[in-house]
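Read from first to last, the chains carry the letters A, B, C, D and E; within each, the first residue is number 1.
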Amino acid sequence: MLINCVAYHQGTKLADIPVEAISDHLSQPDCFVWVALRDASEAELAQAQREFGLHDLAIEDARHGHQRPKIEEYGDTLFVVLHLVEFSPTDELRLGEVHIFTGPNFVLSVRNRSTQGFLGVRQRCEREPQLLRLGSGFVLYALMDAVVDRYFPIVDALETELETIEGQIFERNAGRANIERLYELKHKVIALRHAVAPLLEAVTKLHGGRVPAVCASSEAYFRDVHDHLARIQNSIDTIRDTIGTAIQVNLSMVTIEESEVTKRLAAWAGIFAVATFFVGIWGMNFERMPELKWAWGYPVALSLIAGTCGLMWWRFRRAGWL
Amino acid sequence: MLINCVAYHQGTKLADIPVEAISDHLSQPDCFVWVALRDASEAELAQAQREFGLHDLAIEDARHGHQRPKIEEYGDTLFVVLHLVEFSPTDELRLGEVHIFTGPNFVLSVRNRSTQGFLGVRQRCEREPQLLRLGSGFVLYALMDAVVDRYFPIVDALETELETIEGQIFERNAGRANIERLYELKHKVIALRHAVAPLLEAVTKLHGGRVPAVCASSEAYFRDVHDHLARIQNSIDTIRDTIGTAIQVNLSMVTIEESEVTKRLAAWAGIFAVATFFVGIWGMNFERMPELKWAWGYPVALSLIAGTCGLMWWRFRRAGWL
Amino acid sequence: MLINCVAYHQGTKLADIPVEAISDHLSQPDCFVWVALRDASEAELAQAQREFGLHDLAIEDARHGHQRPKIEEYGDTLFVVLHLVEFSPTDELRLGEVHIFTGPNFVLSVRNRSTQGFLGVRQRCEREPQLLRLGSGFVLYALMDAVVDRYFPIVDALETELETIEGQIFERNAGRANIERLYELKHKVIALRHAVAPLLEAVTKLHGGRVPAVCASSEAYFRDVHDHLARIQNSIDTIRDTIGTAIQVNLSMVTIEESEVTKRLAAWAGIFAVATFFVGIWGMNFERMPELKWAWGYPVALSLIAGTCGLMWWRFRRAGWL
Amino acid sequence: MLINCVAYHQGTKLADIPVEAISDHLSQPDCFVWVALRDASEAELAQAQREFGLHDLAIEDARHGHQRPKIEEYGDTLFVVLHLVEFSPTDELRLGEVHIFTGPNFVLSVRNRSTQGFLGVRQRCEREPQLLRLGSGFVLYALMDAVVDRYFPIVDALETELETIEGQIFERNAGRANIERLYELKHKVIALRHAVAPLLEAVTKLHGGRVPAVCASSEAYFRDVHDHLARIQNSIDTIRDTIGTAIQVNLSMVTIEESEVTKRLAAWAGIFAVATFFVGIWGMNFERMPELKWAWGYPVALSLIAGTCGLMWWRFRRAGWL
Amino acid sequence: MLINCVAYHQGTKLADIPVEAISDHLSQPDCFVWVALRDASEAELAQAQREFGLHDLAIEDARHGHQRPKIEEYGDTLFVVLHLVEFSPTDELRLGEVHIFTGPNFVLSVRNRSTQGFLGVRQRCEREPQLLRLGSGFVLYALMDAVVDRYFPIVDALETELETIEGQIFERNAGRANIERLYELKHKVIALRHAVAPLLEAVTKLHGGRVPAVCASSEAYFRDVHDHLARIQNSIDTIRDTIGTAIQVNLSMVTIEESEVTKRLAAWAGIFAVATFFVGIWGMNFERMPELKWAWGYPVALSLIAGTCGLMWWRFRRAGWL
């Protein structure tokens, strides 16, 4: 589905143009065309391939989707795959993709399986013609920057989730819930990491060293994207590391809790074993058991039992078992 | 066993030719020969070595089999070893191998211990003569692409298996079954990883930087293979990582379950210890135990015991022990 | 908030100058200006950008804050981000930032969210004009050196904390407290690591190999900073590694303690089970139980029970269960 | 102890020569001398050093032994240290060493603390004069190949051992035996790894890139050795990884078993606690306990107890506790 | 404290000279001065700095001490920091340091906090003038070699300690002692690793590739030092790895032991529960319990109890629980 197709001249918008008119504008100097598609059909991709002369393999990737983030050069055209990450209404991570073809005088972005648009990016770019004049490379930067900026709230949400779990990790009886939540969180972190890590590696090709011609004028901007990605990657690694430790700590806490329960069990079992032993003694049927005949025998026996058990309770208490 | 032996001229099939006629076609310009063997005998390998002038060490590797995936240059000939991975009927992973010798004007593939053929690859290539014109390097790509594409369903199956296990990891009493299945899954993942990881490393030699002459015209295609392998490797690493975490989580769950059982044991032991203590008291043989003579002594005693135990049961219940 | 703004000529302080006079001094040879801001307002940053011709992206980073430590070149200007780490009164780690812009003839430092000033650095520099003559690069070194030196007491505090925990790790009943403190310590270590690790990597750009012009004359000094950072990084890695082992060891200790408790429980349960069994025997109602009629039956029975239990106690004791 | 000392000319054996005649042959063109020593004495090493002009440090290493595998260049002479690994009669790994000095026109091998000879290597070389003509570099290859080929059965034995353990890891009551065997296996793997890993790294110097002159003509062969080592290294890493997982899995199994035992303990304890409670009731001495006077009181009571316990047993059974 | 100060000419000792005469000898050709200090005072360091023209930063490092091992170039002078590791009388690791300044015609070594001297090194050097003629670089080698050689007995001691622990790891009731000793050993290993790892990395600068002029003539010797360090590093890594596994194995053993104790507890509890249940039956007060009146009732009952318990004991025994 075509979202929009606009021609720019020296950083200023010329006009919305029909797809058929693209080739006319491509031939003009200082001019570039910026086309945005969404969940593009086979026909639209084929048309785009014809108009911009895109490579078969890149188009095939765009058709299949489910690519890992990457930046590939086909002649003087860059093919960029980015993951779009967003929370679904049920708080799960949903993955979309955007494929960006960037040539010397065109940008074609194809967005798949995502509700997040890039209209805001286009508007901001059009408000800064002095930057848009840097050409299609700057548009590529603006799109990548928008995608990467949307990772930050995801990272924040995961960090918040982790902190919530951490707040309960030393509470009693939370072991089962914690471990489930940690495991789920780990899955989310891995999904986000798959969006970030390959991209971080790929972006290094766009600044420093040999840079593709189309990005040369915006090199400092791509370094900025790289820096953002490095920061996100850092946070992700910290979360991953912390989850690992938290799982270990949670296991320790469960073991400690079990150990405490075992101690209490041992203490009470001990107290009642003693009491039961005592009552068993006076339940014996020996003929000569003088205390059985005493007037105060029964209350004395009960007091003795209660006293012994109380003493034991107090000692266990002091030892921290009860 | 010879499967087929075909000569191509400028990307178009000339004819099925007998093995003896190979050398005639090798000398013609723009012409290459594509030979496919299966579980080749010593004699067939020796003949092929003579026809194509292959290196002793490569032929020896092909004869022994059980090589790790690799790409080796012997002069202007490439020797490629790929693992073929397929599920056996009993759902185990079975490994085969294909050895591909690629020279400037020939391709020789030897398939071992595998039911998967490459007839489809040949047919697709013959339908696209404009690509097949790229020469023997493109045939090598087509074969590698076919092998690598067959890894994807394996990875999917392993991921599905992992998800099934994950669905049971937080269920009770599944600890033993889970750990067995996780361990078995890990073995499969390692087997697949051995097919993928060395190949991923080796394929980097076929695109970017100094590329063997025979692959030069198909460089972008080999980058595509590399990209697929990187995606598979990524999935494998995620599965491995997740298995590790799942084993830890499973241990935590088992410990948590044990802790819950211990608590229930402690609770019931406590309740019955109290009850037994009470009945022990009134089993004592003191002469002066007035309650024994009461008309309602017995029912009162039973009620007292029942009440105390009920109270304990309720408190344990509230504490989550029962 | 402007802290101070001073012009230097050949390493000697000329005068405190108003911000408006900066551009006058920038044009003079052998002269540089050193400006220090604190929690700079938008207006101050904008003014500084105009005076020194700073890059948009760098200024934007300085405005947003919360950057990871880094060293970036914009033309002949270096943009350095450092983390300031200090203990809050409640013994938590608090992060601040300092952003340093270093051009051929100016240094601009902007300190954010930190109580630690750099007045001492300026005074020490002014006392050594022969070093300050090296120019703005040396000032950058002096500031970085001051920041990095402040990491050492933090590392020491963390090491001390770790040693305190280690002192208790083999004590009984300390499992829960230890694991909480280890987890908290790990968080602090991660925070410090985020300040050190990226900086360590970035500083390698300032010595050896191709060094930015502004730092060329102070190369040996930056190697010194690098060396300090490597030492800190080393200590951090050791602490991290030790925390990991300590968590494992703590879990082992908890399990060992539980095992000991289980043994004592088993021993006492055994002793009382035997005693209860004995008293049960003589509580049976058989008519012919001759010992019940013996004059010394009761004391003999009690002695027998006490003897048996004593014997068991002694054997459990010897086996280390009690 | 001198094993043999032979002069070769253009790949063909000239004659067994006495050690004193070595220098005569060294000066002849297309001629090289191949000397094999075993557990060489000081005097033999000193003589060899004089004859071949070997470096002090290399001779000192050969004298001391217990070197790690390595390949060192001293001028145009290569000094190679290889580990010989063999099973002792008591199934332990025994380490020997072979030191190989390879100059342009000589090979000197010194074998220490090993029963494995290299006579077979010499015979095979002499049967292939066209290869032996490649010179001393090829002899070095033949020796290294022989050593590395002997690692394969060791790896196979370790893999078989691991599979045996794996076959018992999910059996009950095997936890203690498994963990002991895994630990022992790990030791063997580490020993083998010490033989392989440094060598793998060192062999890369003998093929690809800048190769020592003496090996130049046999480069493809050294790549083959490298490939074999990489395969062994791969297997070793898999074993190591699997041992790690197996230890974790074994711990899980032990914990699961303990959990099952705890459940059975809990179940039986519960059943007997109930039974004991019941008999306690009718052991009470209340005067008015009408059931005690019933004719069928006793059998009914016994049946009631048996019934209750049977019901509990059946429910525990269904819950999988018994 | 000055230990000695000697001038050498072409590898032969000229004379012990006073510190003031150093500058006279520095200017003579083929001559170098070797000064050894111990726990040098501020004044001595300042004098040495003047005599040899040492860099401020290096002197500052030497003054502060507590550096990590490193090799730094200041112009044509090398500054080397080495750790001296020795066992204290109480079997703890004690760290000292030696700082070595090596210029084209001087060597200055400063030893701190260590009882180990280098007199032996000097004597051995003086006995081999043909090597000492290589100049100050060879002296540096001789000192480094001496330091590194002293690491070997430390490594051996740690390996012996580890083997002692391993010998007890599968013994019963040793869990607590083992874990304490493993933890302590780990600390020692980390300390030694801090001495070795950074040095290993730094020494690579002294052989192969671009070597500082002062070391050029002794390159092969520094490779030898590197080789020794690599061997030590290898051993350390193995110890570390083994400690990690040993901690895991120890935890497994503790869990297994606990599991065995639980089983014994379960078995005995079961036996006595049955016995207590039986005596409880005949303690009931039903009027019609015919067996109570039998002449042989009591002995039969006791035999029945003993028989049942014996049967249970035998079955538990066979199941390996007792």
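Throughout what follows, a contact is a pair of C-beta atoms (placed from the backbone, for glycine too) under 8 Å apart; a residue touches a chain by one contact, two chains touch by 3 or more.
As the structure is a computational prediction, the values presented were derived from the model and not from experiment.
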Mutual neighbours - chains that touch chain C and chain E alike:
none
From chain A, count the fewest steps through touching chains until chain E is reached.
2
Using CA atom averages as chain centres, what separation in Å is found between chain D and chain E?
25
Could you work out how far the Cα centre of chain B sits from that of chain E, in whole Å?
40
Among all residues of chain C, which ones touch two or more of the remaining chains?
248, 251, 255, 258, 262, 265, 269, 273, 276, 280, 283-285, 289
Should the pattern of chain-chain touching be classed as line, ring, star, complete or other?
ring
Could you spell out the chains in ring order, with the walk beginning at chain D and its first step landing on chain E?
D, E, C, A, B
Within their complex, state which residues of chain A touch chain C.
166, 169-170, 220-221, 223-224, 227, 230-231, 234, 238, 241-242, 245-246, 248-249, 251-253, 255-256, 258-259, 262-263, 265-266, 269-270, 273-274, 276-277, 280-281, 283-289, 320
Chain D partner, complex, touching residues on chain B are 55, 57, 67-68, 70, 72, 74, 173, 175-176, 179-180, 182-183, 186-187, 190, 194, 198, 244, 247-248, 250-251, 254-255, 257-258, 261-262, 264-265, 268-269, 272-273, 275-276, 279-280, 282-285, 289, 291-298, 301-302
